[in-house]
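What follows is one structure encoded as structure tokens, with my remarks underneath.
A, B, C and D label the chains in the order they appear, each numbered from 1.
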Amino acid sequence: MTTLKVAMIGYGFMGAAHSQGWRTAPRVFDLPAAPEMAVIVGRRPDAVAEAAQRWGWAESATDWREVVTRDDIDIVDIVTPGNSHAEIAVAALEAGKHVLCEKPLANTVAEATHMAEAAGRSAANGTLSMVGFTYRRVPAATFARDLVARGALGRVQQVRASYRQDWLVDSEAPLNWRLQKEHAGSGALGDIGAHAIDMVQFITGQWVQRVTGVVDTLVEERPLPAAAHGPADTQRGRVTVDDVAIFTGRLDSGALASFEATRYATGRKNALNVEISGERGAIVFDLEDLNTLWFYDRTAPEDQQGFTRILVTEPSHPYLSGWWPPGHLLGYEHGFSHQVKDLVTGIATGEPPHPSFADGLHVQRVLDAVERSAAQDAAWVGV
Amino acid sequence: MTTLKVAMIGYGFMGAAHSQGWRTAPRVFDLPAAPEMAVIVGRRPDAVAEAAQRWGWAESATDWREVVTRDDIDIVDIVTPGNSHAEIAVAALEAGKHVLCEKPLANTVAEATHMAEAAGRSAANGTLSMVGFTYRRVPAATFARDLVARGALGRVQQVRASYRQDWLVDSEAPLNWRLQKEHAGSGALGDIGAHAIDMVQFITGQWVQRVTGVVDTLVEERPLPAAAHGPADTQRGRVTVDDVAIFTGRLDSGALASFEATRYATGRKNALNVEISGERGAIVFDLEDLNTLWFYDRTAPEDQQGFTRILVTEPSHPYLSGWWPPGHLLGYEHGFSHQVKDLVTGIATGEPPHPSFADGLHVQRVLDAVERSAAQDAAWVGV
Amino acid sequence: MTTLKVAMIGYGFMGAAHSQGWRTAPRVFDLPAAPEMAVIVGRRPDAVAEAAQRWGWAESATDWREVVTRDDIDIVDIVTPGNSHAEIAVAALEAGKHVLCEKPLANTVAEATHMAEAAGRSAANGTLSMVGFTYRRVPAATFARDLVARGALGRVQQVRASYRQDWLVDSEAPLNWRLQKEHAGSGALGDIGAHAIDMVQFITGQWVQRVTGVVDTLVEERPLPAAAHGPADTQRGRVTVDDVAIFTGRLDSGALASFEATRYATGRKNALNVEISGERGAIVFDLEDLNTLWFYDRTAPEDQQGFTRILVTEPSHPYLSGWWPPGHLLGYEHGFSHQVKDLVTGIATGEPPHPSFADGLHVQRVLDAVERSAAQDAAWVGV
Amino acid sequence: MTTLKVAMIGYGFMGAAHSQGWRTAPRVFDLPAAPEMAVIVGRRPDAVAEAAQRWGWAESATDWREVVTRDDIDIVDIVTPGNSHAEIAVAALEAGKHVLCEKPLANTVAEATHMAEAAGRSAANGTLSMVGFTYRRVPAATFARDLVARGALGRVQQVRASYRQDWLVDSEAPLNWRLQKEHAGSGALGDIGAHAIDMVQFITGQWVQRVTGVVDTLVEERPLPAAAHGPADTQRGRVTVDDVAIFTGRLDSGALASFEATRYATGRKNALNVEISGERGAIVFDLEDLNTLWFYDRTAPEDQQGFTRILVTEPSHPYLSGWWPPGHLLGYEHGFSHQVKDLVTGIATGEPPHPSFADGLHVQRVLDAVERSAAQDAAWVGV
């Protein structure tokens, strides 16, 4: 069987999740090629060597430019912060490597466009690329997409999506890099709102075409990390990204979709919720209960209609055949194994996997349109 | 004990609910005065006589002008369509009658203003008025307000409210009076969005100050009633009100509140949902599960935090002392008994009950601001 | 329209609920005869006169024997404690009155047998009788029965029922009459276990034929009421009934049904739960969420199977046509209106309503069998 | 760091789960020693070699006797069917190997006793043993135990446990080895009832002392596998184990615990439910929603009491520090990593991990007592 040697650039939290995917997928699924965890790349030699050891990469390295051009590398997996995605991805693609890039595709539309163009050129040579909106691969989310695609919802008429967390509820929570524009590019909007947009587009098969929206920074100054929860004279810094974004989009079909991304939803830890309402049925998904999909079938007898709580753990559900018997749950990280399965299958078959860099670019354009709308007194702007 | 003679103007669906309240409240609560169901008024003599018989009113009549000035009447309860509220209410107030007026207070800000001014003048003479936002009196909603008032949520930082139904999902559902501007004034926005606004203002104790929003009419033509689901050449009429409204408000404190009112939320029958997130806790209310309030307490030990499903049926909960033992549920119509209890108590004690006509007017102003924003490319407008 | 004059014997908590039913049913349903709240009977003249006034009975009286033979009385409604049911019911039946008797039918099998025999004789003369297992008339429970009857569950293979409360969790909760055999006859078993048995028999259409069981009294001494939560030297009395009962029954079809009745289920207030599992489907009912029925349809496509949360508020659901629009909930007391509707309809049409005294007797026999089994080292005993 | 070489005997479904645990634990937790997946043992050379390749074992072998005495092996992990556990485990212990043995400990009390005795002797030499009741290591279950241990429930007064599946609902489902006594030893009782017993004993810290119970075989003949769902003249075989078991146990403290294990609970896929009710609080656990623990705190203010839905994904929850951020769910297989963590830690520190073989033996004794009770007309029997 063909071996596919992987180089992973970056080794933060997402590195752990991606490593789990690379390590586990070949143990669970019958893959058409064998991924091999070849090299992990980071700037600090000791730390990256420790990560290699911890997560099971054969080698570590410090210079990504060198690694992405190595002859023996087949796949480059990018899990660095968003501001370095474009440079690494384009270099890798130009070196003929297949690229998996963590979301968001980039921090700006310009960078994302550049990447999508590079991906388009590479595709002509059979070099594939994919952006890591892993939540698409939660089986319940994929199954929701399947239900829409097979017509079980009929024409989609209304969409309601939100991604809510609560780690900024405390106004004394410290200022970290995610709250600084120069590092993160965007706040709640780009970090979690992006997932909500991708899920809606993925499940409905429609693009968000126009938006009107609001972004806000509820707490504008926060203590610098060392000083968090310290004495009153602690030093503070400015929060330079949004911490709440609320917007409404118009889909291809004309239906409205409401979106909310916030870090002030007390008690909501990782609550990506999507409700799609159609003429024949509806689905409700909640990432905090990710093995479940609620499905409403308007074609059932009237007195038997209701939301059905489908436990998405049957062998006939997406990705489930490789895992455990019915009723045995999956967790957060399983999506990363599914991502590996789909990427490796795509490479082996030459069939480009979704989401493409073009898909990632469209999400970026929606984010950008929301910011432009917010800056123009919430006017409707095209994506 | 003082008797308070009631005249009810109107006898549609809300007449049944109000009658149930007038009939039941004195059997359940120790009221300081005894309401008496004296006369019910409608235009068609036979129909209103039958309603009197059915619901237990002593008399029926056809001329509301005559009735509201009768010496023996103490309270006028208005359950007619919104476009007649102003005229009846002002006449009744000027005749010195206490007035309970079903929501929305009126179909326009001008009318609502007129009513609120009349109510203000009458209050000086001890004549009370109240608008029928009954959902405030669902015990779980009142208890939510109490939790906010006693500081259990801390500073409110984020609000998410929606009222979703699905009776227009079928694009062949017939055109009824609620879909025609001349009768209904407004569509989903005014009919159900108004409840969402009132609940948020009631529970948080804050006003919506500014809004940006969208209103839409997804299906613009529907079959005329006789023709609904008939052959293809059936006659159709125009829908002249919105059937979806999505808007964002800024509260007194600066927090953002998102709102959605729609009749395309497949599977949602009467889903008024309100989530209030504060620095110390959060509450979630759902009218389709109205005996329950979910409460998140951020001051609990970290590993014991979660949303607590409070069954609001304990004697210590609002309005519960008059009803059944713990765990015995209440239904939709109980709010109407609570409304009677509070109005009668207000009259007996001279303490004006909430919500006042001024409260109703403010809701009307928010609705109007949403429509103005929608007409101005979603611009932020003051209330 | 025929008038049916009602005499209610007793005026405790159940008197309030029954009064609500008599008062409300004719306002909501199109009844074929008009019940009239004629007289309420109790031993203490002042208290019963006050109850008459409070609940809307035309008259009060103190001698039930006299009342049940009055010519003008058509229906006798018995809401006294169980030890007086037999005497009153038999006297009323023999006087030719239709009888509604609160559950349990009696405190002993002997009394219940006597009553069922009297009811049988009276039926021949068109005098009807009915026992007040009102929970059958919660729409979701009636609908569950309908689903079984129409074959939606197929052959029933397993049943799981429980009724759990928590008002004895505190071992210092006082000794009340429900804990004394001479008054209550039985404890958790007879008071709440009886409901679980009736619901299972009603929904499945099968009898419990044999049982094996355990009854227990977890806390054997409790403070006398005055002394509850008082100083350590307070007086205590013996609990002479069970406070927990766990038993297993064999149904007609051979399927097993597990039962549990307890007052130590911390946090469960009025949790009557019934799960019926069949070859084609299953239903789950919970009295603490009584507007909902969960239905599992094994004949649905495999990947769409799950428990459907049916909000039992559609016009096509049992009893709903008289009430509110979809999504508007009912409460505990609505079952009492449904009971009045069915009894009055039965009297008007001559069609005996369920549950009959024979049904009530069978429940009593199951309770008796559980006690006999418990006394015989949990041996299986016939009902 | 010390390396611990593992030999796994068996390679069925549980082999996949254990392999996932051995492979993943060292990548996630800071273990005090390094487990190494040395050799996997099975009877069919090709199949076991393929399993080795698939799951990542360095070597495969066919003779377990040889392997368990190899000098280089430190840990023997037994995932074969129950009837071979005793022989392998005792041989491994006598060879000085630490042993992890999948549940149930054995098919008979005699074998389990023999194993527990061997484990006791080995413990004196520092050789550890552990039985694989992995569900204890679902974080929510461990946290439930912690809540009981820290007194949050007070004195436990009532327990309700069940394990329900539905794979025998169809009476034409084929006869497999789990339905034949010679292979499986027991049916629903031993396979899934054992988990319910272990969970109750683990969480409460009490033993089941006496039981009364029923076991049943609802469908006594089933088609032989090849013939399942074939023509009417297909061959059938006898089901020789129970498919339903319902029993009641008395705990150390005198409290009653009800148990149910069934394969006819339509719609329940893997529903291990445990509810523990105490004087100060209660917990509810459901394996089909395993990231959640419901906790009722009777010491909270009365009007704020309710079941709190705790999402057990905080760093302060058991085992969570190694995984993902709050709100990121775990799945079924994570318990196997936790098992590895605890066993490896136990070996490194010399502190015996739970559950011991003695714990496994006690579960076996309870199962045996249930069968004896069922055979004696449900009489109470000591464990």
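What we mean here is this: contacts are C-beta pairs under 8 Å (C-beta built on N, C-alpha and C of every residue); 3 or more make two chains touch, one makes a residue touch a chain.
In UniProt terms the chains read A, B, C, D = Gfo/Idh/MocA family oxidoreductase.
All figures in this text were calculated on a predicted structure; none of them were measured in a lab.
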### Summary
Relative to chain A, largest Cα-centroid distance belongs to chain C
### Task
Would you mind telling me which chain pair, B-D or A-B, is linked by more contacting C-beta pairs?
A-B
### Query
Using the average of all C-alpha atoms in each chain as its centre, how far is it in Å between chain A and chain B?
41
### Message
On a C-alpha centroid basis, what's the spacing between chain B and chain D, in Å?
### Response
54
### Query
Could you say which residues in chain A touch two or more other chains, in rising order?
268, 305-307, 311
### Message
Give the list of chain C residues in touch with chain D in this complex.
### Response
153, 157-158, 160, 162, 166, 169-171, 212, 214, 216, 218, 244, 246, 248, 254-256, 258, 260, 262, 264-268, 275, 277-279, 281-282, 296, 298, 305-307, 373, 377-380
### Task
Give every residue of chain B touching chain D within the complex, in rising order.
143, 152, 295, 297, 300, 302-311, 314, 316-317
#### Entry: chain C-touching residues of chain B, taken from the complex the two chains share
13, 17, 19-20, 23-24, 27, 54-56, 165, 167, 268-271, 287-291, 311, 313, 324-334
